[in-house]
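Each in C-alpha cells, the structures are laid out below.
One chain, chain A, appears in both complexes that follow, with chain B as partner in the first and chain C in the second.
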Partner chain A sequence: MSEEYEPTIIAFCCNWCAYSAADLAGVSRMEYPANVRIIRLMCTGRVNPNFILKAFERGADGVLVSG
Partner chain B sequence: MEAVEYLLDLAGIGRKRMKLCWVSAAEGQLFVDYVTQFSEQTQELGPFSPDEFKVPLAAVEQTLDSPRIRWLLGMSRQLTERENVYHEKVDPEEYKGLLHEAIEEEYEKAMVLEVIKEGPQLVREISGRIGLPKPRVSFWISQLRNTGQAAIEGYDKTTPKFVALAA
Partner chain C sequence: MTAPSEYNRGFEHRAAIYIKFAQAVPLAYTIDRDLCIGCGLCEKVCLAEAIQYDEEPKKKELEAGAVVLAVGNDAFDPRGLDVYGYGEFPNVVTSMDFERILCATGPYRGHVHRPSDLKEPEKIAWLQCIGSRDTHECSHPYCSSVCCMYAIKEAVIAKEHSVHPLDTAIFYMDMRTYGKDFEKYYDRAREEEGVRFIRCRIHSVEEDRETNDLILRYADESGNMQVETFDMVVLSVGLKTPKRLVEVAKLLDIELDKDSFVETGAFTPVETSRKGVYVCGTFLEPKDIPCSVMEASAAACGAEEVLSDVRGTLVKEKTYPEETDVFSQEPRTGVFVCNCGINIAGYLDVPAVTEYARTLPGVVYAEHNLFTCSQDTQVMITEVIKREGLNRVVVASCTPKTHEPMFQETLRDAGLNKYLFEMANIRNQCSWVHSHDWDKATEKAKDLTRMAVARAQLIQVLPQPTVSVDHKALVIGGGVSGMTAALALADQGFHTYLVEQANELGGNALKLIHTWRGEEISGRIKEMVKQLKDHPLVDVYTGATIKEASGFIGNFETTITQNGSDIKLEHGAVIVAVGAEEYKPTEYLYGEDDRVLTALDLDSAISSKEERIAKAKTAVFIQCVGSREPERPYCSKVCCTHTMQSALQLKEMNPEMDIYVLYRDIRTYGQREELYRDARNRGVIFIRYDLEQKPEVKKNGDGISVRVKDPILGRDVEINSDFVVLASAIVPRDNSLLSEMFKLALNNEGFFLEAHPKLAPVESATAGILLAGMAHYPKPVEESIAQAKAAASRASVVLCKDELTIEGVISHVNELMCRGCGKCVEACPYGAIAVEEREDGKSTASVQGALCKGCGACAVACPTGAAALMHFTDDQVLTMVEAALAM
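Right after this comes the complex of A and B.
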C-alpha cells in the first residue's frame, strides 16, 4: 500500500443521543477522525443485526453502534 | 449483541470490528474519544475484504434469521430472569452455553447451505471449502434434505453431488 490505510467506519447513531453528541462535537470544533460515516436513526433500538452485516458486505471495515 | 459478536468471531471477522457504546447528547467529548479509539483499533486490524468473507457473512445473516436462534434470543429474559413453564429458572451461564451451542450448529448448517448454493458439490468439496469434517457435512446435508432445502444433483462416478434448492 502506497499511502497509509484509512479504514471506513459506519456509525449508527441515535438522533437524540450520539447524533446530538456528534453534532455538539462538531459545533465545539473538537477534532475526530474523518473516516466515520454517520447514519442517523431515531433510536439505536432500530438497529437490526442485518444492518451491521450489510455494512460489512458493502465494504465497511468497522461498525460502531452508538446511542 | 452478544450473539452477533459471537458469530463475528466464528466467521473469522472478529468481534473487534464492531463496537457498541453509549453516549448522551451532552457528551460530545466522549463521542470523539470513542470514535478516535475505535478508528485506531480498526486501522490496526487492517482492511476488511467483503469478497473474501462473502460466504461467512451470508451464513451469519442466515443464522441470525433462523427460527431457533430468534426464539432463543427472544426468550432470554423469560428463561433467565423469570421462569419457564416448569417453574425452572435457567442459570445465565447455562443459557449462554446453550445459545453458543445453538449458534455454532446453525452457523455450520448455514455455511453448508451457502456453499451448495453455488452449484452441485461433493461432500468432500464442501468439507474442503469450509473446513468442517466430512461426517459433519453429511449430517447437515441430510438435515437440509429432510427440510427440502437441498437435493442430489448429478454424480461423480457413484458419489452424489448436492445442491441447494430455492426456498
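Right after this comes the complex of A and C.
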C-alpha cells in the first residue's frame, strides 16, 4: 500500500450530549481527522444493532456510539 | 491587540474582539473598548455587516411587576492570605483556575499541566476552606458549601485526565458532602479512586525555588507538624459578595445581612426585604447548582403569585398559513448551502458543495448564501419554496442544535410542515474542525449534504396534536412542603386538592421548635393551616390516602379514600410532598433506656419543660446515628445544625451544663457555621470518632456512661452523662405504592428520584409530576419551602395552559404488528407506553404522546418492528448510513 491507511468511521451521537460535544469541539476549533461522519439521534437508546451492522456491511471500518 | 483572557483566567491571551466564553448565549463577539485602539477595521472587513463600530451603549427602561435577582456571586480572591503564596508561586492556583486547566476549552485543552514549566504534575494537593470558616480579616466566617464537593470532583477528574498515575490529596477540616448522593461520591473517591483525605490545619505553603515544587506544612489531627511536597497546590476558594453587588442591593433598597448576603426568612426563603423583589442562588447564601436551580423556580413562583392577574396578557400569538398537502407529491428538495461569512467558505469549497447538491437525487434547487440564517435569506427561502414548489428543505450550515427551530419556522411561514426540514452540519462538525485540509473538508461537506438529502427524501409530515389541560392541581402530603406548594398554587389562581394521610396538617414541622435562624415554627404552621382552610381555591382532605391514579400530564385522574369512601379527583399536575421520617435507632440503648433520646424526642422534652433536661449536669450528643453507614450511605443533612441548636438551647437553659458532641464531620454548611462557632464559644466540647470505632453507651449505676476514643489525646475517654441525644437519620417513608401508581422512580435509599439532579431538581421523570421536600431528600424547613415553591412554579407552567402541543418526534406502535409482549413498556424510561386490552380481546401497546420524549428506546426493544420513532425510523437512519458510505 502506497497511501497511509485511513479508516472510515460512522458515529451515532445523542443529540443532547455527544452531538453537542462535537459542536463544542467546533466552537473550540479542535482539529480532528476528517474521516468521521456523524449521524444525529435523539438518544443512543435509538441505536438499533442493525444500524451498526449495516454500517460495517457498507464498508465502515469503525462505528462509534456516543451518548 | 491582546489582553489576558478572563475566561481562561490569565493562562491565555485573547484579542480585543472576543467571545466571552465558549457556552455564551448568544455566541457572539464583543469589543473590549478599553483595549481597542479604534482603527475601525473590523467594521470594514465584516461580511455580515454585524459590527456597528461607533455604536454607543443605550439605556433602556423596562416596566416590571416583579424583579428576580439571580446575579450570582464572586469567588474568594486568596491574594490577601500570604501563607498560601497565591499570585507569588506559579504552581499555586485557585479551584477556579484549576477548573479551566481541566477543561477541554481551557488553556491546556484539558491536559493537566502546571503553569510554571507545563510539566504534568504527579502530585496535587487541594487545600479546603480558603477564605471560608475563617474569622480572620480578609476571610469569611461562613462555610461556602460547595468547595468540598468540587474539590473531590476536581481530584477525580484530574486523575482521569492525567497520563500517569496522579496522587491527589485533599487537606480539610470537615468533609461536607451533605447533598443528595454526595456522600456516595465521597466514598467512591476515597475507596475506589484513591483520593487521599487528610484532616488537618494548614500551616503554610512554601516554594522550592529550584523546582517550583511546593512544600506544604500542616498540623495533623493529633497536633503533630507534617511536611509534604507537591507539584501543584489548588486552593479551594469560597464564595463572597463583591462590592458591586452590595451597591446593587443599595440601589434596589434591599437589606443584606452581616455577611453581605441578601436577608431572607426561613418561611420566605426567596423574598427580599422589598416587596416584589425576589432573589435566588448564591447572592442569598453560598450553595450548589441543585439548590440554586430550585430557588430560581421558587423566585419565579413568587413573581407568578404577585402577577397572576396579568398572566399571559402580553403574549402575542403568531399565525401561519395553512399547511400544503404534500402527501402525494414526489420529493422536491431545495438545498441552501451557507458560507457563514468565511466560517465555512474560508475552509472548504462552498460553490463546489452547492454544485454537487444539484446532482443529488430529489434535488430540484440549490444555492449558496453568505449567511443562510440572516433575516433577508429567510424571506428569500420562503419565496423559493413557493416559486419552486419545494416540499423538502435542506440547509447545509451550522448545527441544528441552535438553528433548526429558526429554519423550521421559515418552513411554516411558507406553508410547509416543520418536519420536512433537515440540516447538514458543515460548520461546527466540518469547516471549523478540519480547517487545515481544504480538500478533505470539502469532500466531507459533500458527504454530509448527501446524507442530509438522502434522509430528506424519506422524512414525512408529522402532526402536532394538542390535548386539553385541566387547570387543577393535586398535592400529596400536608407537611410544610405540601402546604407551601398548595398555597403557592392557589395564590396563583389554580384550584388545588391537598391530601394528607394524618388527621391534621403540619407533618414533621409540628415537632420542631425553631428554624436554625431562631424563627418559631409551630405558630407559623398554624397560620398556614388556617390560610389553607380559608382559601376558596383549596380543598383539604385529611385522613385520606391515595387509592389509585391514572392519566398523564394535564389530564390526571386520582382516587382517594377518606372515611371509607372513595373520592375521584381530576387534575392537570401532581406535587408529591409526602416527607420522610426520623429513623428509630437500634443501638446506643435507644428504646432500652429512656435517657437515650432522639433529636425530636429532645425537642419535645424541651417543649414540655421536662425537669430532667433542665436540671441535667451533663449531656452527650452522638451524630450520624443511622446516617453515613453502609446500609444508609447518605448524610441526613439537618442533624449537625439541629444538634448545634439544641446544644445552644441547653446552654441557654443551664449555662453550667457540660455538653459533648461526638461527631464524624461537622456539617453546618453555609451560614449555619455560625451556630457551630457559637457552640464552641459557649464551651460545648466536640470529640470526633470514626465509623470503625463508634462510641459505646452503657448503663452505669444511676447514670449512663459514654466511651469514645479522643483522636487528639489518642486514648479513650469516658463521659458520665445524664442523658444522651442521638442525631438519628432521616429515612424515607414507604414510597413503593405511590411510586408504582404514578410511575415514579426511587433511588437506592427509597427517596423519589428527580429527572436531573442539577437541571431538573424538582421534576420527576414523568411529565406533570413534581417533587418537593423530604420525599426527595432530607432537608431543612427553608429548603423544603423553596423546593415546594419551585414545584408549584413548575406545575403552573402546565396548569396555566389551555392545551398542550404534542411534539411530532414521538414513538408510535403499529397495532397490526404488535403482539403485546411489553418489551417497549420495560424499555421506556418515561412511563409513556402501556399494554392494554383492546375491544377485540387482543393486547397491544400504545404510546401516550404527551409523555413520550422521543428517545426511541422502545423502537430498539420491539422484536416485531411495531414500535417506531417518528422522524427517526429505521429507514430514515439507515439511508444516512448508506449515503455516508456510498462513495
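Quick note on the criterion: the second predicted complex is superposed on the first by the 67 of 67 C-alpha atoms of A that agree within 3 Å, B and C clash if a C-alpha of one lies under 4 Å from a C-alpha of the other, contacts with A are read in each partner's own complex, and residues count from 1 in each chain.
The rule we apply is simple: a residue touches a chain if its C-beta (ideal position, glycine included) is under 8 Å from a C-beta of that chain, and two chains touch if they have at least 3 such contacts.
None of the values given here were measured: they were computed from a predicted structure.
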item	value
Which of chain B and chain C A:M42 touches, first, second, both or neither	second
Partner chain(s) touched by A:F51 [first = chain B, second = chain C, both, neither]	second
Which superposed partner A:C17 touches (first chain B, second chain C, both, neither)	first
Contacts of A:A25 with chain B and chain C, given as first, second, both or neither	both
Touching partner for A:Y5 - first (chain B), second (chain C), both, neither	first
Partner chain(s) touched by A:S66 [first = chain B, second = chain C, both, neither]	first
Common ground on chain A, meaning residues reached by chain C in one complex and by chain B in the other	20, 22-25, 27-28, 30-32, 50, 58-60
Chain A-facing residues of chain C, complex	22-23, 27, 104-105, 109, 399-401, 425, 427-430, 432-437, 440-441, 443-444, 447-448, 451, 809, 827, 829, 853-857, 859-860, 869, 872, 874, 877-878, 880-882, 884-886
In the complex, chain A residues that touch chain B	5-7, 9, 11, 16-18, 20-25, 27-28, 30-33, 35-36, 49-50, 52-53, 56-67
Touching residues (chain side chain A, partner chain C) in the complex	8, 10, 15, 19-20, 22-32, 34, 37-43, 45-48, 50-51, 54-55, 58-60
Sites on chain B touched by chain A in the complex	3-4, 13, 17-32, 34-36, 38-39, 41-43, 45-48, 50, 53-54, 57, 60-61, 64-65
